[in-house]
Each structure stands twice: as C-alpha cells, then as structure tokens.
Amino acid sequence: METPPLGGAVAVPPLLQVDALTLAFRGVRALSDVSFKVASGTITAVIGPNGAGKTSLFNTISGFYRPTSGRVHFKGQDITEVPTPLRAKLGLGRSFQNIALFRGMTVLDNIKLGRHAHLKTNVLDALFYMGRARREEAALRADIEERIIDFLEIDHIRHAPVSALPYGLQKRVEMARALAMQPEILMLDEPVAGMNREETEDMARFILDVRSEWGVTVLMVEHDMGMVMDLSDHVIVLNFGQLIAQGAPAVVQGDPEVIRAYLGSGDVGDLRQRLHAGIDKREAA
Amino acid sequence: MRIGTLKETYIADAALFDSRTQKVWLALAAGVLLLFPFMATDYWLYLACLVSINVASACGLNILTGYTGLVSLGQAAFMGLGAYTVAILELRVGSPLVLNLLAGGFVAMLGGLVVGIPSLRVKGLYLAIATIAASFIAHFLFANSAFTGGTGGLTLPPAKFLGLVLDTSFRLYWVIVPVTVLMLLGAANLFRTRVGRAFIAIRDRDISAEVLGIALLRYKLLSFGLSSFYAGVAGGLWAYFFRVVTPESFPLSMSIFFLAAIIVGGMGSMLGAILGAVFMTMVPELLKLGVALLPHGAELTVFLSPVRTMVFGLLIIGFLVFEPHGLAEVWRRVRRFFHLWPFRN
Amino acid sequence: MDWAYLFEISLTGIASGGLYALAALAFVMVYKATKVVNIAIGEMLMIGAYLFFTCAVTFALPLWLALPASLLAAGALGALIERTMIRPLLGEPPISVFMVMVGLSSVLVGLVELIWTADQRRLPELVPNTPIMVGEAFLAPKVFYGALTASVLIAVVLLVFRFWRGGVALRATASDPAAAYSMGINVPRVFSLAWVASAMIAAVSGIIVGSIGGISSSMGVFGLSVLVVVIVGGLDSVLGALVGGLMIGLIEALAGAYLGGEYKLLVTFIVLVMVLMIRPYGLFGTHEIERL
C-alpha cells in the first residue's frame, strides 16, 4: 500500500533507496523483497512487531549483512558491495539497539570515535603528536563541544566513563557519537527504548532539532507509537521480513494489514474503533 | 579525574600531564632517572637497564593486548628477530646504533605482518595460537641457519655511540633509558588520537567499531605491527646489553613473562605496563634473595627456575581472578584514598 | 617409491592420529561446554602422565589400582581448575580466561619441574612387547594399543554424549547458560563435569603418550599439535577432532619420516597457517553469526 511522498513529485533522487532486499540465513528469511525510498530531510519510522526484521534491515543497510539479493542505494550510488567501514565515510550514521558504547572509554572519547572515518591522522602522526595530529584533535574537540555536547546537553558528563552512566544518558551519548559521524542519514535503532516519559520527550526534541538544525535525514526503528505518529513524515511497516505497508502515519495506522500484524486477526473493525478511541483520548489529554 | 584543575583551552585539556601534581611527579621521576646512574652500584645499573628493556617491550605488548584486546605469545620471538637483526648488522655491516635499532624494529614488524595477515582475519584467539607457532618457527630458523650463527648464536662487540664505546652498564643506561622513554611517549601519544581510540574500540566491541568506520583488519594489523616493532627495538637493546644472542635467548616462557607483566601491571594503562615490567623483573631477583636467606639456601637454588615458572603462572592467574586491573588499579585506589583523606568516613 | 615404507609410516601416523584425536576430544569437550579455549591441554596431558607415574612408580601401586587412582586425581584437578579459575571469570571477555589458561600451563610446567626435575622418566610397561605386523608393515605395540584404547574411549564418549541426557545438558549449557539454568539444568555442575571428564581424558592421553615416548616437563609441546588438530577440525566439533587428529597424525608421521624429525612441528604449523588462510573455522566448526 503506497501513498505518494510528501512534497509532491519532484525529480530529486531519494537519499536512501532499498530495492527488493532479501536476506536469508540458512532457511530463515529475515527480509523478503523489501523496497522503499527515504527522501532527504525527512524522518522515516520503521515499525513492526518483534522479529519483523527491522534491525536486520538496518544491519544490511550498514553493510554488516550481505543481502541474499537486492540492492541498496545511497546518494544515488549503489553501495551494496561497499565494505562496512567505508559506509560511515559516505555519511551513513547509526546508533544501536543494545547500546554499543565502548565501555573502556570516556563519553568524550566515545564521541570522538564517531568522527573516525573523517579524520586523517595516521600512525606516524599519532606517535609524534605534532602538527597534524594535534591540530586535528583540537579542531575535533572544539567541534564536538560546540555542536554536539552543547546540543545534547551532556557537558556535565563529558569526562565520565560511559559504564558509570545511567541508561538514558548512555543512549544520549550514543546519539552524540552517531552525530559525530557527520551523517547525512542517521539510522536510529530504538532511540527511546527503556526511557521514561521525560527522557523520551527530550530525545524526540533532539531528533526534530537534528533534522531542522543539522539537515540530517532520520530513519528510525521505533516501538513507541506516540513518537512514530508525532515525529515521522513517512512510516514503513515490516512483518516477518516483508514490507506490508508504507505511507504517512495516519494512513498506515488505519491500514487493516498493519493492525492485524500487531494485534493478531480478529474483528478488524472493532479493533480499529478501539485504536482510534485510544488515540483520540491521548490527543484530548 | 582531578578536582581543581581548570583548563582554558581544549589543547590544554588534552595534554598528557595536565595537573600541577602530575607535573611535579614527572619532574621528580625525571630527576631520579637522571641522578640514579651516578649513585647506583653496578648491580643496580644492570637491573635498571634490564627493567628499562622490559618496560619498552611490555609497552609494546600492552598496545596489542591491553588496548586492542589481542593476545600474543610471540613477544619473545619478535624480540629475537630484533636482536638477531641488530647482531647481524653490527657484526657484518657495522652500521650505526640508531639505524640498527630501527632496522631491528622493522624486521620484527615484518615478521608481525607475516604472522598477522592470516590469523587476524578471524577471532583474536587464532592470533595467539599463530604467535605460538611463530615462536617455534623462529626458534627453528635461528637454530638451523648459518646466517644466524646456528645453535651457537652470535656474539657482539660493544656498541659504539657518539664516539663512546658502550661497554659498561652505566654507559648503556644513557642509551637504553632515553629510547624507552621515547617509546613510552609515543605510545601515550597514540591514545590521544583516532588511531589509539580505534584500538580500544576494537577491544571493546569490534563489530560496532566497524560500523563506525574502522577497517578492522587494517587496524588490527597496525596494532600488531606496532607492538612487534616495539618488541624488535627492545630486542635490539637486549642484544646491545647482553652482547650474546642465541636461539635459546628468547623462549616461549619469555613471552609468558611479558604477558604476566602487563596483566600484573594492569592492561590498557601506560602506568600498568611500567609497573608490571618493573615488578616482574624484580620477582626473580627477590626470589634469588629470598632463597639465599633461607637456612639451606645454597641447595635450594636449583629450584629457582621451576619456582620462577610457577610464580609467573600464579601471578597471571591470581591477578586475573582477583585484581584484573592490576597494580595500576591498586595505585589508583591508594591515590584516591589520599585524595579524599581526611574526608574518608 | 618404497610403498611398503610409506604404508608403514602411514600406519604409525594414523595410529598416533588416534592419540591426537583423543586429546583433541578433551579440548573440544571443554570448549563445547564452557566456551573456554584450553591452551593448557598439553600440560594437562603431562600432569595426567605424572600422576600415573606417582601412583605406579613412586607409590608402587599395582597397575589395576594405579590407573583408576591417577584418573581420579586428574579428575579432581580438573574440578579444582574449573572452580578456582574458570567459574570466577564467567562473564569476563574470553581473552581473560585464555590468559588464565596460559598462566595455568606455566604453573603446571613449573610444578612438574619442581617435584620431578626436568629429566625424562619412564612409565611402567603397560602392554605386551610383541611387535604388531600388518602384512609386511611393522607397528610398534605401544602405538597400536594406544590407538586402540583411544578409539574405544572416543567411541564411549561419543555414545555418552549422544544418548545420555547429561550430553544434551552439556550442549544446552554451552549454547545458552542462562536458558539452561531456567530449564532446571544445574549449570555449575555441568561445567564441573565437563572439566572433570576433559581432565580424565587428557590424563589417559598423557599416559599413552608417556608410555610411548617417556614423560618430561616438556611434554606440553604435544598440546601444540592438538591445537592445530582442533583448528583444522573446528573448535567445537567432535567429528572434526577425529578427522583432524588422523590428518595431523598422518602428516606429522610423513614429515618426520621423509624430512627429518625436527621438521615435524614445522610442518604442523605450516598446515596451521594454511588452514587459517583457507578455512579458518576448520572443516566442521560452526561459524557463529554474531548479532549486533
């Protein structure tokens, strides 16, 4: 079920395009013939029940899994064969579902690591730490402090070891590191998982600001329907590795296939009523 | 983090030694290092040189194992490569000392690349096993080649540096210690840059590191090559110091010695490498002293070698089980205690 | 081409391959159950042989008593190792346990040298001295009986693994200890059992190898060939241990015969490097797909 992208039909190529992506591991089909486009400057949410293949989709776009068939295009370029480390340099940023911060380092070092692909210091520069290494490090530090640490309000913990931080702050540091990657598209895997109401709202604010202030396109896997409905321009629904619906949030939410995927079969009309009633109640609150 | 250390520029914040106290400690250490040779006996000078060589090698192993998380049991073999290179160059070519040391480092680094390329593409464990294999192959080559003097090995004349003949521990001290300090500084600098950060990332979570843009094989090889280079230079210093290099000089147990050194000292910390190397070098000396003091001391010296082997193993196990962050962590606890005193409750 | 000689060498090679397979089995057992790479496997072999030496020679026990006594002692040692070195490190990165095993190998070698010095010792004769002839080919009796014992023991272990519910528990615990716990499997006991069994099998290996070539504190070098065997076969594959063992045994025997004794280990390691380049997970090992 497809609806035309927002903004009308323009001949601007999508930032990210996934064509007939199939991923099969020894008989398990994690992804089956998934195709969609992500337009530049949009926030797109990927939703679906657990095990639907959302993280596998991210991992395939990241290059960690080689698709069994299908192509991935980024900025008009076919990146399906591009090795994983090079994708970061192209502008593909990402955060992870289970926080993948490096526990042996401080917050600042973790964030600096995000910039790795764009730095130029080589081992000889590093050993002597004169000239290029020193300049690059200073510039990096300044940039991170002023743009990222300030933006995400984590200046009070910059020297803390990440293992000592509470979960919500760790997730924010993870976002900071993903931003340090100077991404053109930011893939967030469950950015608000496990967060309370306040943390979720903060993160939602950050995501919107990232789009408006930084011009970064966002592709996020999310379970929190409030986030999905409020933030996204476009929603993609996966179930059992297949793309079952995509379009504007309001349209997708009413799609019977989607409802059935989440809530199981049953009286769709009755379920739809209850769903709408729930949403209306939230809006009134 | 130290309280009361305000920085006004980012560059200042990134400095290696950033607080007044640290600078004082550093000045003290420099003072001790400079004055020591003039006040010490020959025996202590000998020990100091040996400690310094071990610190240099342990630092290299720490880069690989402590910071990058790859276990190597080939440190001794790469030291051997460096030592033999230096010996051969001194005997057959007569090139200057600095060049020989660098050549030793490079030959060892090449050896490291040869070992690393097949084994680093898979789990880190395979590197460990490949390095054991490398130790045996190196021993085989050293013992069975006329080029390396066969089983008899090679004997070097004393080194010549800046017109002086380095034939006493005192003179060798002034080459060995500065070289070691330079190597330590280089390693410390490494971890202020993206190269060092990449190493730590590989240790902590290598899959995520890759997605963030770190080419795993390339950086693992870099780490291994660097640590082999360090081993090679340390081996070269060893050759100049002992002046005899044989195939038996660099056994597998020496690799275990260095592994113990970084575990005992604290992996992933510069201070740890230093403390560990100092500690481990002193252990055999303390054992010797202890045995001499015992009632039947003279007869017990034959047990020194196996006891030493056992102690190395027990230290590895003991520290990994009870104090995995090593002496460096113990030192940090002591420091914290004094920082908070008299507020400790 | 002296085919008779080739046949004779190959026979010896396969027989010693059986011994490698047995030792490799001890390794695989511990890896399958606790995911620990026991790099001290050679030293555990050595300790088993020395325990037997103590029982049979130092205490002069009759063989029917000395054998089980030494195996029990070896098993106890395995349990001790698991309890003091492996269990405290559960949940730590695998390289920590690996390094502990390196430390263990050092401790065991030092212990042996301390108590028995580095000299080589002989074990009492366990098997009749009549040479075994296969057609025209000569096979040393000790090697033959050793291989026979190894084969029987391997078969027993395989059957136990397959049909006893303990074997299933072992495999369950290996793949997911937390899930195994919640299924009611006594995970610590399974770990202990795996190490006890592994130590005992290694001891049997050590006794056989010791009977053939004498025992010494450098017996642990046998463990290096065993490591190559498990890498060739796959770290967690019992079948791999068998096939790999036979392969390496054969290759080493051929290398020893045609190139010279000192080339044996060199050839083994060349095989290792080749396997690492071509099939790093071994012939039958499982390539684990890690989830991000």
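The chains carry the letters A, B and C, assigned in the order they are written, with residues numbered from 1 in each.
Heads up, the rule we're going with is that a contact is a pair of C-beta atoms (placed from the backbone, for glycine too) under 8 Å apart; a residue touches a chain by one contact, two chains touch by 3 or more.
Remember, predicted model here, so these are calculated numbers, not experimental data.
> So, comparing each chain's Cα centre against the centre of all protein Cα atoms, which one is closest?
Taking the mean of C-alpha atoms per chain, the most central one is B.
> Would you kindly say which chain has the C-alpha centre located farthest from the C-alpha centre of chain B?
A
> Report, in whole Å, the distance between the mean C-alpha point of chain A and the mean C-alpha point of chain C.
49
> Averaged over CA atoms, how far is the centre of chain B from the centre of chain C? Could you give it in whole Å?
33
> So what's the Cα centroid distance for chain A and chain B, whole Å?
43
> Residue numbers in chain C touching 2 or more other chains?
292 - these are the residues of chain C that touch more than one other chain.
> What are the residue numbers in chain A that touch two or more other chains?
Only 64, 96, 100 qualify.
> Identify all positions of chain B at which a residue touches two or more other chains, and write them in rising order.
207-208, 211
> Quick check on the complex: what are the chain B residues that touch chain A?
1, 10-11, 13-14, 186-187, 189-190, 192-198, 200-201, 203-205, 207-216, 222, 226, 268
> Mind pulling up the chain B residues that touch chain C in the complex?
65, 69-71, 73, 118-119, 121-122, 124-126, 128-130, 132-133, 136-137, 140, 144, 207-208, 211, 253, 256, 259-260, 263, 303, 305-317, 320-321, 324
> Which residues of chain A touch chain B in their complex?
62-64, 83-89, 94, 96, 100, 102-105, 109, 112-119, 121-123, 125-129, 133-134, 136-138, 141-142, 145, 159, 177, 181
> Can you tell me which positions in chain C touch chain B when the two form their complex?
37, 39, 84-85, 88-89, 92-96, 98-100, 102-114, 118, 224, 227, 231, 262, 265-266, 269, 272-273, 276-277, 280-281, 290, 292
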